[in-house]
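Below: one structure, written as structure tokens.
Per-chain residue numbering starts at 1, and chain names A, B, C and D are given in the order in which the chains are listed.
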Amino acid sequence: MNFLLQPLTLVTFFPLLGVLALVFINGEQKNTIRWTALGTALVTFVISLWAFFFSGQFNPANGDLQLVAKYDWIMVAGWNIRYYIAADGLSVMLILLTTFLTPIAILSTWKAVEDRVKDFMMFFLMLEVGMLGVFVAQDLFLFYIFWEFTLVPMYFLIGIWGGPNRLYAAVKFFLYTMAGSILMLLAILWLGVNQGTFSVPDLVAKGGIPVDIQFWLFWAFTAAFAIKVPMWPLHSWLPDAHVEAPTAGSVILAGVLLKMGTYGFLRFNLPLFPEAAVAAAPTIATLAVIGILYGAAVSYSQKDVKKLVAYSSVSHLGFVMLGMFALNSQGIQGAILQMINHGLSTGALFLLVGMIYEQTHTREIKVYGGLWKITPVFGTLMLIVALSSMGLPGLNGFVGEFTILLGAFGSVAYGSYWYAMLSAIGVILAAIYILYMFQKMFLGPAGEITHHHEIKDLNLREIITLLPLLVFIFWIGLYPAPFFNLMAPAVEKLLIPFQAVLMAAH
Amino acid sequence: MVPVSYYLVVSVILFTLGALGVLIRRNALVVFMSIELMLNAANLAFVAFSRTFNSYDGQLFVFFVMTVAAAEVAVGLALIVAIFRSKHSIDVDQLSSLKG
Amino acid sequence: MFFSETSTSGLFFNLVPWIVFAPVVGLLINLIIGSKLGEKGVGAIASLASGSAFVVAILQIISLNAHPEGAVVKVAEWIHIGNLAIDWTFRIDTLSVTMMMVVSGVGTLIHIYAIGYMHEDVRFKHDEGRYRRFFIFLNLFIAAMMILVSGNSYMMLFVGWEGVGLASFLLIGFWYDMDTLGRPSFANSNAAKKAFITNRVGDFGFLLAAMMMFWKFGSTDFDLVFAKVVEVAAHEPWVILWITIFLLVGVAGKSAQIPLYVWLPDAMAGPTPVSALIHAATMVTAGVYLVTRSAPIYTLSHDAQYIVATVGAVTALFAATIAAGQYDIKKVLAYSTISQLGFMVAAVGMGAFVAGMFHLITHAFFKALLFLSAGSVILGMERGHHHLPHGDHHEIFDPGDMRNMGGMRKTMPVTFWLYMIGTLALAGIFPFAGFWSKDEILLDAAKVFPHVYYLLAIAAFFTAFYMGRQIWMVFFGEARHAAAAHAEESPAVMTVPLMVLAALSILGGALNLPYIHTLTNWLEHTVKVVEHEGEVAAWLETSLGGLNPWVALISTIAALLAIFISWLLYGRTPLKAGQIDPLKKMFGPIYYGMENKWFIDEAYWFVFVDRYVDLARYLAQTIDWDFWHEWFHNNIIAAGFRGFTRFLAQLVDLGIVDVIISRWPVAVAQWLSEKLRALQNGFVRSYALSVLVGVVAILGYLLLNMK
Amino acid sequence: MTMDLMGFILVALIAIATAIGMLYSRNAVYAALFLVLNFVSVAIFYLMLGAPFVALSQVTVYAGAIMVLFLFVIMLLGAEKLPPAEVLPWQRPLAFVLALLLFIEGIYWLSVKAGTTAQIASPDATIGTMDAVRSMSMMLFQEYLLPFEVTSILLLIAMIGAIVLTKRVDKKGGQA
């Protein structure tokens, strides 16, 4: 019983209770199923809040891993695999983001998913378990299991409830991610076998991996994470998956699944291979800068609004990577915040796009036009979210982007202003594609669809779905201090080994 | 008294002869008889041990063996008759249709 | 010059956040319950919000008189990471309060004006529901602009900087579903987008400057930056130069200087109060404020000052030439604004910060006056058009085209006189406000950068010319369109604020009269007034207490001459309907260029926009989709994988694995069974023999192993 | 050498001789007769070992019933002799060798185990009397009741089997 009541274990596996409950509900009782799933997700969110803020067991001022649950699991033949979960400032917000976005995503499916609702909700809750597991696992083996586990429900979510080309997208998503994961698995096994433990904190404390081997391990991990992020040029699965996935799937995919990649860099690549990370920083930064500019330019040219948002993720995640490998506190804290921001903003964008798609069944930008006049609430919310996405000061996107650029500008690891200066052009390009999208859909005269189709403004449920996201968009934009405070000690701890390494490298 | 081991020696000799008979005779009836001989040798050993351990179990076993032998003979001979009807021979070497 | 927060006790300094909160409260009220308040209520709430900010600004002046060193008021932390500390901190000093006064003062007047203007505008455009939205946006603008002028750090300034950009975007695109003539179109929203994106280019420069400041000075707070600036300038002068240039990019974006001025003429798509407030009086002067605020940095680099002053001066002249060739009443004023901003930028660029600020203030008065009067003219034209007997309201009618006007001094006398005052002030005629401020700039330019002086003087000449042209075309002569003949005067809610502005345009010069220098003394607390020791021409020695009679005389004569020439061309023989502009007859190709804005828009379009669109399309379609997503995926990854699997299946599996795992064992088994088959001879006896072999062997084994 | 031993040796020689005789008589009838003799001599052994009931059963069942059956079949089939045609040349020598080995193994085992089996334990008073038959019967119908009853079923099945196998079926039945 102690095992189950451990806060993080409870948070991680609570959605499974919902899955269990759903098993016993008749598939025809769709509303019961929806309420059960939503209730489960909400309770999970409440438990996660309790675990971090009200249980008294988590102290944000402490940069160490907390809420530890550690049990021996597979301890044969020198394989010290443990059930080891814990959280620190690096993962708290991502865990909360997951538990926060899941109920919102479920709420967004109320009318959108009518087919096989029970299966959908079961997969969705299982997906939540997988994602939470990824963020809490401190044992590489356990992490890998959760990491791969998330693929399965997502595969079905895309493959069953997706758009017309869903099977192609689902298979592509699955295979690309798997391909990267294999290399990571090799690296994990090497570490586990040679270092005698799979536990990340132990591995970090032990250190002493020779630099040339670090190099190989670093890039093996990078292969898995870079595909997930996705870093340019490994992004070609993303538009398919995003476009074909159902709205809730896109929200979770953009909001949380992509963050698993960036989180992976933060949790594993940086602390485990500091020398390799410093050596690779300029390379990663170059890819990130290309991703920022390329993603923004490609977004601008999209005809499908969902694709536009999908490519904008390439650009935004480029910022995250740029900040992370700046290897200073501004860059990394900005990167973590930007992960959250992207989850909120792009999640909200996908929700909004999904809401209009439900009515018109088209995502082509040019058939809209003049929507703001017909649907003022929808237009206003879209404007706020779009501005957040393009980084308007006062909204969340800016705080993340600015701190990232600032970190990159003064990064010792990069040793050049050019990365930040070129990425700052991304700020201009972001304005171009976001405003283009907003203008062509919401401004101007009524378009083909707007003219012939009776489009209703958002209803109460949809507003309630979006409202929590908007609250955070403003909160982070105006007063991000609580968020920075939550991660600052952990980031400072993460950076300690780099000071020496950077000193030696430059 | 004659030592029991003597009987056992005789039993061994009879058994060996019986086995030899199975192997070298082609006449199915004689093969059959050799089998009976082997059974007898075993029976003899049973009785000898019964005597040694002063127990009736051995003798009772002989009794059962005889019953089984009687049943065996009944069926075996019936088989031989049946085979003879089709093959017109009781030479076991003629019955090699199971050749691999 | 560090301020301590204790000095704020007992004063009004702590009220300063309300200059932002008041308009925010106003916009929230209008957003949430505005639909129930009615037009009057919405307008009143918004004006009241803006007026409250004005009151707070006045209270700050009172406080500053007692404590001229000012104060900083910290409201909350914003971004704190490591040694990066950016707070929501308000700064009260003479400079920021001056800007607050201008923004909230002019802003409030324009709010009141807009109550009347928008009441009619939404009716002409047939969308009365949008009335409320206008005031929400206007309050949003006031809030953002207040953040801009009152922030204590470059980053808080930047929040306002982008915030006013957003408000500008929303207001330019206010009639987002039509063009300026009310036809369904993307034109207005394109203008809005253009403004925002061009501003973003400027913001890009600002961001780079801010980041460089943080890494070189350790902060973006004004005081902390200025405290270290001398030290850094001594070691790394290039840092100062780059920061100033990056800031200049920001200034060029926001204050519409070359090369980023192109958005401002298009911004006239917004309703006229917007043009007056944002695109003439306040937002576009943010760049001037920024340079003035950054005075300690700019004064350290002569190169930077030279560049800024030159950019300003060239813009001033360049825009003035274009203004002379425009037909749209607001476009003329737009280019005039760019030109006047050039004056201000040139002034602050060469270190004449007080002169720049002075001109900023007077310009805010008279240009707001001009725009609002122009708005009054346009609405008058609309009304006239509306009342036309034949009622053909579907013909394409441009109420802002000066070629449709003429003789309107009779139909709109109040507006005419107000417009006249604005024109004289802008042309720099004694004793209107523009005379004093422009003169001060010219005087300083003559002292510091002679080439700037020449450029500005010519620009001043053009200014007087195009304003004269406008007056003659609009108000004199005969009506060239029936609408002009039937135009009606605007209501008091619009004309009263204009009269206030007119009064300010007349008396604004009193702020900084020679010998008295109220503004100089006032700003001295914040901006160190630098005395220049440049090559001072002998004739300048006659300068008396900041008024050089020669400079004043030359500019006044030039202005009068320009007005005279304009009278010769447009006033003596008024234009007839459909007649070609006389200037065009005289300077054919040159005028063609002026008329078409020297084709700068087209050039930008060709060089940047089209190229970017092409590049984006190429990247998206050819590179990303066709090549990377399709070709590479299908032909390299998928086909490669298929090839690999085929290789595995055919060569490895059938060629190696299958041979080892199945064919060889089969062969062995076959050979073995071929041999062993002989044992299976079918003879019962031989089987029995085998059994016996087994028996013997097993028995032997048991015996041998028996204990 | 006691009378007992001499008698034993005599009977043993007869038993072995008749066994060899059975093995080597070309005529199956002779073989059967040799076997009858052998059975009788074994029956004598049983008597000597104090198992008169078994001895009697041996004579009646084996020497009497079973061997008569054999003779009947031999006569019935008229196949008492086979033509000398050896198809398995190795069979015979190999059989001898194996038989020898088996014999040696048996003897070896006896010699090793001689310590425990060389002597007959002190003769029980009951064995060899009519009491013994009683005791045996008691055991048979009490302790071994189930096997005894099973043998009856076995015999029944054997009987049915023999009838089925030897029953001449018409050609149409297809049974050989």
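Going forward, a residue touches a chain if its C-beta (ideal position, glycine included) is under 8 Å from a C-beta of that chain, and two chains touch if they have at least 3 such contacts.
Since this is a predicted model, take the numbers as computed values, not measurements.
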- Query: Using C-alpha centroids, which chain lies at the maximum separation from chain B?
  - Reply: C
- Using the average of all C-alpha atoms in each chain as its centre, how far is it in Å between chain A and chain C? 33
- From the C-alpha centre of chain B to that of chain C, how far is it in Å? 117
- Note on the structure: Averaging C-alpha coordinates per chain, one finds the centres of chain A and chain D separated by a number of Å equal to 90
- Message: Taking the mean of the CA coordinates per chain, how far is chain A from chain B in Å?
- Response: 85
- For chain C, jot down the residues that touch at least 2 other chains. 681, 683, 685, 689, 692
- Touching two or more other chains, which residues of chain D qualify? 87-88, 91, 94-95, 98-99, 102
- Item | Numbers and ranges of chain A residues touching at least 2 other chains | none
- Task: Kindly provide every pair of chains that touch.
- Result: A-C, B-C, B-D, C-D
- Query: Which residues, counting only chain C, touch chain B once they are in their complex?
  - Reply: 677, 679-685, 688-689, 692
- Note on the structure: Listed in rising order, the residues of chain D that touch chain B in the complex are 4-5, 8, 12, 15-16, 19-20, 22-23, 28, 31-32, 35, 38-39, 42, 45-46, 48-51, 53-54, 57-58, 61-62, 65-66, 69-70, 73-74, 76-77, 79, 82, 85, 87-88, 91-92, 94-96, 98-100, 102-103, 106-107, 110, 114, 117-121, 123-124, 127, 132, 135-136, 139-140, 144, 147, 151, 154-155, 157-159, 161-163, 165-166, 168, 176
- Item | chain B to chain C touching residues, read off their complex | 19, 22-24, 26, 31, 92-93, 95-100
- Message: Help me check something: in the complex, which residues belonging to chain C touch chain D?
- Response: 681, 683, 685-686, 689, 692-693, 695-696, 699-700, 703, 706
- Note on the structure: chain A partner, complex, touching residues on chain C are 76-82, 84, 88, 127, 155, 158-159, 161-163, 166, 169, 173, 176-178, 184-186, 188-190, 192-193, 196-197, 200-201, 203-204, 207-208, 211-212, 214-215, 612-613, 615-617, 619-621, 624, 628-629, 632-633
